[in-house]
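Note that chain A is present in both complexes that follow, paired respectively with chain B and with chain C.
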Partner chain A sequence: MKVKKKTIGLVVYFILLMLPIYWMLNMSLRSNADILAFFTLYPKNITFANYIKIFTDSSWYMGYVNSIIYVALNTVISLSVALPAAYAFSRYQFVGDKQLFFWLLTNRMAPVAVFALPFFQLYSTIGLLDTHIAVALSHCLFNVPLAVWILEGFMSGVPREIDETAFIDGYSLPRFFITIFIPMIRAGVGVTAFFCFMFSWVELLLARTLTVTNAKPISAIMTRTISATGLDYGLLAAAGMLTIVPGALVIWFVRNHMAKGFALGRV
Partner chain B sequence: MEKWPNNKAWFLVIPVFVIVAFSAFIPLMTVINYSLQDILAPGQSVFVGTEWYKEILSDYRLHEALWRQFLFSGLVLLIEMPLGILIALAMPKRGWGVPASLVTIALPLLIPWNTIGTIWIIFTRPDIGLFGFGMNNLLGIPFDHTASSLDAWITVMLMEVWHWTPLVALLAYAGLRAIPEAYYQAARIDGASAWSTFFYIQLPKMRGVLTIAFLLRFMDSFLIYAEPFVLTGGGPGNSTTFLSIYLVKIALLQFDLGPGAAFSLIYFVIVLSFSFIFYQALLRVGKGETV
Partner chain C sequence: MGLSLQHIDKILGREIHLKDVNLEFESGSRTVILGRTLAGKTSLLRVMAGLDRPSRGKIIVNGKNVTGASVRKRSVAMVYQQFINYPSLSVYKNIASPLKIAGVKKTEIERQVHEAAEMLHIEDLLDRLPAELSGGQQQRVAIARALVKDAELLLLDEPLVNLDYKLREELRVELQDIFKKGKAIVVYTTTEPTEALMLGGNIVVIDEGRILQTGSTAIVYRHPATLKVAKVFSDPPINYLKGTIQGDTARIGQHIEFPIEDYMKCLFDGSYMFSVRSNHLFLSRNAKEDAEIPAKVELTEINGSETFIHANYDGSRMVVQEKGVRSVHIGVEITIYVNPHYFFVYDGAGALVASPSGGVFDAKLK
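Right, the complex of A and B next:
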């Protein structure tokens, strides 16, 4: 009986979790006039006009392309710099290692709002304002420390005898690292990529501050639905629904790794 | 196991150091620079010392925002931590239910923060939202987050709990999965009740992940910006103006660089010191409880 009660509780929680998302889906399938005219639990006259508008208007769909470009860039940069560093932290003792590790983590705690203004000036000085790379680099501020932290946890789970054996067998450090070590911690790399993707994808303030038109993320473009006639809820809801899709896809791909990765105890 | 002493390891860390230093040192220096000067025009500034700090520290709106922020973060931790643990305990341990519930739970975490705000605007508006309409017309409770401060708070709290409890649940679930089956077998042989299994095995074993969850939730709720900004814009009045919202108002909208920079640094120091204190405290509590 006890197990039953648990399951019922969980199902109720899942329904509550999905309800707001369902509501947005409901709105996205109705026209704005329809939404404002009457209240209904499900769309009676389904229209895809909102979605069609987003997919045919380049100022809309380019927002998604921009977001995906800088998120992908950020994930690649974060992983490629964090992998060797995490290895150093998990295997070697060197001058200032603990201080450096703590300093990295403090950047994860920095209020993003603090950095918005100096970043704007920094990137306009070096002429990178309104480029994808600027947003990707600025997101490294919180993603690189996180990536180092997670990867270090996974790497410390691999016994050091494996490294020693490989070195005795004549492997060089880079070759060992790429051909043996990274494949061993691929679940960790997957989890790290997942978190880098997640935090870069959901961030708004820096992405909005550092872009004007060419690299503007979809989340900033969504504010355009406020027009002279008021808020276009249908269009806003459709744009919102589409921002959920990439995240849902990523979760689907890492779902099996996620359980394993989480089980190792780092984020 | 001792780590290998080798200072050449710095070469492996240099890329990280350079990339984070570029994003951290230069802006931080800029902020410190601004906080000590009055910028009258581009290229024309006067050194004002600690003037801005005094001004900001005596700003009553900052005090209000700070207490609001503490209340918010306190409530968030109070609600999300137990709820997250409960959900993790209820989640299935094997079978098709595992990926299904993981995917469902992780979904809110992958939604961009301003979309979260949008979802909750649409969900709670009294005219078109399921929640707002239901409260007003079915239960007869007047509810409008754009007009009443209390309703705005309730909406922001609901949104926050909806959005971030999954993170606590996922971490707690990971901690639970890492407990070897032998511990449960031992507990069964000893005839331990569900409660004592929870208090003497599961909770101590989850200490590490719960510490991380607690710190992440504290930091992120203390830094919250986009969701309440989209949902309420800090209003009605200033009732949901949290620290970040107030800071952005000063620094980016009014362009008061000096006070904004001083504010930034004070903010940073508060977050840093609280996280450090919590971290130390949690480590100490944990040591006493380890089985």
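Right, the complex of A and C next:
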């Protein structure tokens, strides 16, 4: 009996969890008229028109391309900055190291909206507006601190003696770092990359403020479905479904290390 | 030629890790650093390796001052107490890594790695990752890596302490042979007196960051200069009893009296500490001059083929090391027999004033 109760509970939970996503899938496979006309639990007249529109209209699919470009850029920048920083925090002691480390995290405490206006002014002054790098750089605001914290946790799990053995063996610091150290914490690097990806992928405000047309992210383009003629439900649902896909793919790769990542590497 | 440490201090915050350490190591010498945990053994090795900078003092290698030099520029190899290998590299690459960095030719690397692997019996494991090996094998890999580097200074920080008893014995014997072959200065730290005796060579007894005594291991064992050295260099801990010498008689506590031995004759009358190792205490009489110590059993522990009997005499704890498995009930009154010519005599300040002649001890050393 006990096992059954548990199973029922899990099934209910799973249904609650998946319902909105299923509903989105349901809508994405129907036409607008169909959606507005009657209620149905599953699409009776399946149409792929919404998906076809996204994949053929460049103003739509370029949104995905733009998003992927700046997210990838941001992940690369965040990792390449955070790896040495995290190593320094985990291995060296210097004046104010603990304060500096905590200050990094406080950057995440301010709402992103606070930074939108200054960033807009700064980037427009130096001509970075509406470029992928502008969004990628602005997202470093919250991704670099997070990456430093996660990586520091993973790095502190590696005994210092390994570093010392390498130096005794004659490795230079950069060579040791790249050939020995990074392979040892590759799970941590993967998890960090996932978190950078995730936060950058879902962030809307900065991405929309700093772009006009050339680097417009998909989440901003999705707002175009609201027009004078009403809301294009089907198209919006299809775009939403496609937005989930990259995140789901990335999660698949780091699924075994997620818990440690959420604990900032300190498990 | 060799390595010399001059007036080395290592102070971290308020903690003194090393205080005024002066040591000389000659090329090809083997030195055991013996001390309890937290005595400063690891601190000393780290300073010697160049991993830590001493707070004060100089390190001279072959006549050159290398005090501040980076560890990369020194000819050092080190084996840690924990099994430290590169987890992402195979055993072969682990052992080869110092050679690869040094720019040795590929064929030469292969030859040397196989030679070292053979010496440590890990030839069959070269393709595996360190995580797939047992603790003993992992430590063998670490030792092999230290050996192929062929450094002038080979440091081993309690390398066998995390291994089980059997493996430890095995590796200890092998290491002795390996060290004999090299020309390097070998420095080996341990907490165990038996390990120090097995490895022979020279010994440095260290406690609370200070050097207590240095010299040949056998001589230090026979003449522990202070009571502290005797305590560190005895396992089970050395027994010591307060007593007095008056004329030709020594007296310990209320009941024990014995005529003094020849080597104690030079001592003035006064109070002394009489100290004797557990393996010289017996539960049966061996000679007619044996002194009798009445004591009460507090605890017995069986350690392999030996039994340690902890007993109390007049408030002092004594440990008798008896061959074979004995069962002695707790609380029983026993008589401990000790031949007076095994007593080390220390003065009030804990300095050795008379020790038994070495002849008897030679047999026991082996």
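As a working rule, the second predicted complex is superposed on the first by the 252 of 267 C-alpha atoms of A that agree within 3 Å, B and C clash if a C-alpha of one lies under 4 Å from a C-alpha of the other, contacts with A are read in each partner's own complex, and residues count from 1 in each chain.
Everything below uses one rule, namely that a residue touches a chain if its C-beta (ideal position, glycine included) is under 8 Å from a C-beta of that chain, and two chains touch if they have at least 3 such contacts.
Small disclaimer: the values here were computed from a predicted structure and weren't measured.
Asker: Does the chain A-based superposition show chain B and chain C clashing or fitting?
Answerer: Partners fit side by side after overlay.
Asker: To the nearest 10 degrees, give me the chain B-chain A-chain C angle using C-alpha centres.
Answerer: About 90 degrees between chain B and chain C, seen from chain A.
Asker: Please work out whether A:Val12 is in contact with chain B alone, chain C alone, both, or neither, and reply first, second, both or neither.
Answerer: In the superposition, A:Val12 touches no partner, neither chain B nor chain C.
Asker: Where does A:Leu204 make contact in the superposed view: on chain B (first), on chain C (second), on both, or on neither?
Answerer: First partner only, chain B.
Asker: Check the contacts made with chain A and report whether chain B or chain C touches more of its residues.
Answerer: In the superposed model, B touches more residues of chain A.
Asker: Given the touch rule stated above, what does A:Met184 touch, chain B (first), chain C (second), both, or neither?
Answerer: second
Asker: Return first, second, both or neither, reflecting whether A:Ser172 touches chain B, chain C, both chains, or no partner chain.
Answerer: After superposing on A, A:Ser172 lies in contact with chain C but is clear of chain B.
Asker: I'd like to know which partner A:Leu137 touches here: chain B for first, chain C for second, both or neither.
Answerer: Touch status of A:Leu137: first partner only.
Asker: When the two structures are overlaid on chain A, which partner does A:Ile162 contact: first (chain B), second (chain C), both, or neither?
Answerer: In the superposition, A:Ile162 touches chain C alone.
Asker: Taking the superposition as given, tell me the minimum C-alpha spacing from chain B to chain C, whole angstrom.
Answerer: Distance of closest C-alpha approach: 8 Å.
Asker: Which part of chain B faces chain A closely enough to touch in the complex?
Answerer: Touching chain A from chain B are residues 1-10, 12-13, 15-17, 19-20, 22-24, 26-28, 30-31, 86-87, 89-91, 98-99, 101-115, 118-120, 122-123, 127-131, 133, 162, 166, 170-171, 173-175, 177-178, 194, 208-209, 212, 216, 219, 223, 225-226, 243-244, 247-248, 251-252, 257, 260-261, 264-265, 267-268, 271-272, 275.
Asker: Okay, in this complex, where on chain A does chain C touch?
Answerer: Spelled out, the residues of chain A in touch with chain C are 159, 161-162, 164-172, 175, 180, 183-184.
Asker: Would you mind writing out the residues of chain A in touch with chain B in their complex?
Answerer: It is residues 2, 6-7, 9-10, 13-14, 16-21, 23-24, 27, 35-36, 39, 41, 77, 80-82, 84-85, 87-89, 91-95, 97, 100, 104, 106-119, 121-122, 137-138, 140-141, 144-145, 148, 160, 198, 201-205, 209, 218-219, 222-223, 233, 236-237, 240, 243-244, 246-248, 250-252, 255-256, 258-259, 262-267 of chain A that touch chain B.
Asker: For a test of understanding, state which residues of chain C touch chain A in their complex under the given definition.
Answerer: 49, 51, 70-72, 76-78, 80, 82, 84, 86-89, 97-98, 101-102, 142, 145, 149
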